[in-house]
C-alpha cells in the first residue's frame, strides 16, 4: 500500500480531482486550474532534471518562454495551427536546451545553476529586443491556436481537458523516463557519479538528452501558456519565473515527502507543488495585498518542519 | 457569493467604503481596479488606487448614485498574472467596469480579455499606441493620455525654445523607444546621442559621463520609477543640473519627488496635470487627497480620480442600467464630469483631448516639493494615432 | 602466449615535487590474482586510480588486453572490461541493493540508453541482479537501501556490481578493510571464486589474505616498485623485509 | 570616444565593482564556509539601506546614522541566523534556497509595510556632496570617489582579517574542512553565527553607502543578489580574492559595455542595427562573461582547493 501511495497514489488523486473539476468549477476557476496545470507541466519537466538528475536549472522559464514565443511569432506570421505551432515550439525549446545544455553540463552544482541562469538571461534580453514582435511590451495573440483548423481550444472545457491530457502525457513520460534504464543512470549519477563512471557509464549524454527532453516539455507548457493568456511577453522568460518553478518543484517534493507520498524526482510531487503554489498564491492574494508576508514564512516553515525527509524521495 | 468581495479582495481602503456606503438597496456597481501594487513600481499603483478610492469615498461610497463595490487587484507588473486577475474580475466577480492599469505591457495583455468580454476598460494611466490607433475598441476609454503625448510636450518645448543639440535617454524597451520617438516628432534639431539603458538600471554614471562629454543644449529622458530617482540624484551630483536643462516625462513627479527631494528642483516635465493646476475641481481634489492620505498626489492619482468620476457619470446617465452597453458607451463618450484637468473630452478613438503643460519642480510655501505648471504647450491636443482608429 | 591482460609500463605521476608513482611496471594475467602491497602512503591508491583512469599519468602506458587505454576516460576503460571496488566503499546509497546491481547489469548489457521501460527485459535483468546478489550472499538484502547496509555488506555489494559486468580485470582496493573476521573470510572466498572469471589486481593490507589469495605480489614503497614475484619469494626478499614486512611482522 | 571619457567610465566601473564586492564578500564567505546558499543576502543589502534611511533621519547626520544602521543590521543578521539559517546547516542546497527565498518574500513585503512602497532617499553627507574636476570638462562626484575608497579600505581590512588573524585562519580552514575545524575544539556554531552576521553587515554597509546615489526601494536587493552570485561564481566560491577580482571585472565590463558597445558596433554594423543590438548585447555582457569563464574554468577563476 505504501509503495502504491509512493508511486501512483498522489498523482492519481490529483488527476482525478482535476478531471472532475468541470463538474463544480466556474469558468474562472477553470482558467486558474489551467494556469496551475500549465505550470505543473513546466515543473514536471524541471523535476525530470532537478529531482531526477540533480541538475538545478535556473533558466527553465526561458525554455517555457521560447515555447510561448514560438506560438506567438508563428501566429503573427499567419500560422495559427497548433499541430504545426506546438511541435515547432517544442523543437525550438528542446534545441535551445540541447545547445545550452551541451555547454552547461560541463559544470556542476551552483556553477550549473548560474550558467543556466546566464543562458536564460540571454534569451530574456533577446526577447526584449525583438521589436518586430512587441519588444518589451510583448505580443498579443489574435486568438487561441486552431487544432486541425478547428476552434477547439477556445472553449473552456475543451481547453481544460486538452491541458489536462498533455499534462498527464508529460507526467507519464517523465515517470517512464525515470523508471527506465535511462532514468536509472540519471538517478544513479545524481547519487554517486564516480560509481556510475566506474561501471562504464558516462553521465553526460544521459543528462544532455534529459535536458533536451525537459526543454521540449517546457516548450510545450509555454505554448499552452501563450494560448491561455493569449499573450506572450519577455516577462515569461525572467529569472523570477525560473525561481518560481524551482520553488514549485522543491516545495512539492518536500510537501509530498512530508505526506509520505513522494519526493523530488516524482512527477506527482511536482504536480502537487505547482498546484499548491498557484492556488495558495491566488487564495492568499485574495485575502490581502500583503500576502507575501504570510507566504514567505510558510515556505520557511515547510523547510524547517519538513526536515530531511525530502531526501528520502525517489533517488 | 464569497465573503463580501470588498473586504476580502480590496484590502482596507475598500472596506471603509463599503461600510460608509450604507445604501444596499440598489444593484451595486462593480468595478475591478487593476494596479501594480508590488515590486519597486508599487507606488504608482498606490497613487492610482488611492485617487480612485478617494473619488468613490467622496461620493459616499457610490458611483453615479448606485452603491459601489471596488475590487482592487495587484497585477504584480506581470502580464500573465494580470490576465489571470482580470479573468477573475470578469468571470467570477462579474464586474461592470475594469479600471486602472499603470503599465503599457500589462495593458497590452489585458485589453483583449476585457474588451473581448464586452466589459468597459477605463485606463487610469497606460495608453499604448496600438489601442489608440488601429487596435482601438468601443469598450476601451482612456482617462489618462496617449503614451506619446507627454513626450511630445517636451519635444515641442525644446523646438520652441530653439535648442540646437540634445541628448536623449530612455530604458531599452518599447515605452522607452516610443518616448524618444514622441519627442522627435516635434523636435527638429540635432540629436547628439540617443542612449538606451537597461530596464531597471541602478547607476547612470556611465551614461551621464557621455551626456557631459556631448555638451548638449538640453537633455531629455523618460526614466520612470526608481530609475528616475537614481537618475535625478546622479544628474545633480554629476554637476549637470546647473549646465544642461533636464527635460523629462514620467521621471520627476510626486511619486519620485519624496525620494529625490530638492535634487530635482528646476527640472522639467510634461504633463496634462500638476497639483497646482488652477481648476476648482483640482484644488478640492488635492486638498482632500493630502488630508486623506498624507502625501501629495501624482498624476496617477489624478487620473485614477478622474476614472472614478467618469464611471460615475456614465452610471448616473444610464440610471444604473449597465447591461445596455450602447447606452453606457454613449454616456462615457460624453465625459460629463468635472475633470481635475479642466478641459476634458473624448476623441474618436476614445482617448482624451486635453491641454498639456510644461511643468517645473518647485518648492511650495510649506517647503514640500512638487511639480508646478510653467506654461501651456498644447491646447486641446488629441493624439497622433486617432486617425488610424476606424471608430467614428 | 597471448599478451597479459593488464600491462603497465613506466607509469609516472607526480603532484608538484611529490612523486607518487615512479616508473612502475606491472602485469596482470587472466585468471591471476596480483596483489599490490606497501606501507601507507606508498602510492597504492593513486596507482589504482591511474589504472582505472581517474587520474591521468604524467608518463607511461597502460594496456588492457593489448590495447592502449592510457588516454581513455574512466567509463571507456570500464566498457573495455575493467571493474573495480573502492577503498572507501562506493555504492548508490539511495538505491536498493538490487537496484545497484541492476544498474551494473544494464551498463554491462549496453542497454542503458533505453528511454522507456520494457517490462520484459527489465525483469530479466532484475533476475540476473538477484542472482548476483545471491552469489555474494546478499539475497536477503535485495530491497534494502544500500546506504544502510553494513560495511562488509557494502563491500560484497560492490563486488557483485563489479562482477555484473563480466569484467576481464578487477581492481579491488582494500576489500578486507573494516571487515569483521567472518566477513573477511567470506570475502576471501568470493575473491577466490572470482579468479576463475578474470584477472584481479588486489590492493590489501591484510597480509594473511594476501598470501592466501595472491599468485604474485608486488611491493610498492614511496611510489617505486621494490620487488615483484611469487608470494614466498617476495616474503623472503631481504629488501622487502627491511623496508616493509620487517616492521609489519613485529 | 575620448580618453577622458574612457577614464571616467573606468572609475564608474570600479565603483560598481566595489559595491558588488561588498555584497559578494559576505555571500561567498557564507557559502564557502558554511555551505549555505543564502538568497536572503540581497534583502540584507536592502535592509542596510532602509535602516540607514531611518538612522540618518533620527540622528540627523549621515555619520552618526551609519554606525547605528550597521549595528542594527548586525543584530538582524544574528536574528536571521538563529531563526532560519542555523537549522539549515548541512541541509540540502535546495532546501536552503527554498527557505531563504521565503525570507526574501517576507522582508520585501515587510519593508513596504514599515517604510512605504515609494522610493526613499538617504541625504548625502554635506562634506562629500560636491564634485571635483578630474580633467578638462569632466567633473566627478566626490561621494563616488569616497565610496571607492571606503570599499577598498573594507577589502584591505578583510584581507588582513582573513589572512592575519586567528578568526580568519579558522574561516579559511572551515571553508575547506569544517569537521576538521570543529575537531580542533572550536565552537563552529558560534563561528558560523559571527561570520553570517558579519557578512550581513557588509551587505548592509553596501546598501547604506549606495543609498545616497541610488533610490531605496522594495526589491532593490533582488537584482543585485543575482549580480553578486555572478561575481562569486566567476571568482570561485569561497574565495574572497576571487570575489574581489570578479567584482571589479563585472563592474568594469558592465559599465564599459553599456557605454561603448553600441558605438563599437556602429563600426561594423549599420547605425540602426547597432542601436538595436547594442543595448541588448550590453545587458548580456556580464552573463556572456560568466558563461564563457565557466565553460573554460568550470569552478571559477580562483577555485577553492578541493
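The first chain written gets the first letter, and so on, giving A, B, C and D; residue counts start at 1 in each chain.
Operating definition for what follows: a contact is a pair of C-beta atoms (placed from the backbone, for glycine too) under 8 Å apart; a residue touches a chain by one contact, two chains touch by 3 or more.
Keep in mind it's a predicted model, so treat the numbers as computed, not measured.
Chemist: Which chain has its C-alpha centroid at the greatest distance from the C-alpha centroid of chain D?
Modeler: C
Chemist: Any idea how many Å lie between the Cα centroids of chain A and chain D?
Modeler: Chain centroid spacing, chain A to chain D, equals 31 Å.
Chemist: Need the CA-centroid distance for the pair chain A / chain C, whole Å please.
Modeler: Computed from C-alpha means, the inter-chain centre distance equals 43 Å.
Chemist: CA centre of chain A versus CA centre of chain B: separation in Å?
Modeler: Chain A and chain B have C-alpha centres separated by 36 Å.
Chemist: Rounded to the nearest whole Å, what is the centre-to-centre distance of chain C and chain D, using the mean of the C-alpha atoms as each centre?
Modeler: Distance between chain centres: 49 Å.
Chemist: Residue numbers in chain B touching 2 or more other chains?
Modeler: Residue numbers touching two or more other chains: 37-38, 172.
Chemist: Chain D: which residues touch two or more other chains?
Modeler: Touching at least two other chains: 109, 112, 279-280, 283.
Chemist: Which residues does chain C have that touch at least 2 chains other than itself?
Modeler: If we look for residues of chain C contacting two or more partner chains, we find none.
Chemist: What kind of graph do the touching chains make: line, ring, star, complete, other?
Modeler: Contact pattern: none of line, ring, star or complete.
Chemist: Touching pairs of chains, all of them, please.
Modeler: In this structure, the chains touch in these pairs: A-B, A-C, A-D, B-D.
Chemist: Per the contact definition, I'd like the list of chain C residues that touch chain A in the complex.
Modeler: 52, 54, 73-79, 83-84, 86, 90-95, 99, 102-104, 106-108, 111-118, 122, 161, 165
Chemist: For chain A, which residues count as touching chain C in their complex?
Modeler: 176-177, 179-182, 184-185, 187-188, 191-192, 194-202, 205-206, 209, 311, 315
Chemist: Which residues, counting only chain D, touch chain A once they are in their complex?
Modeler: Chain D residues touching chain A: 31, 37, 84, 87-88, 91-99, 101-110, 112-113, 226, 229-230, 233, 237, 276-277, 279-281, 283-284, 287-288, 290-291, 294-295, 298-300.
Chemist: Sort out for me which residues of chain A touch chain B in the complex.
Modeler: 26-29, 31-32, 35, 128-129, 131, 134-138, 140, 225, 228-231, 233, 235-236, 282, 285-289, 292
Chemist: Within their complex, state which residues of chain B touch chain A.
Modeler: 8-9, 11, 37-38, 72-74, 77-80, 83-84, 87-88, 90-92, 104-105, 108-109, 111-113, 128, 172-175, 177, 199
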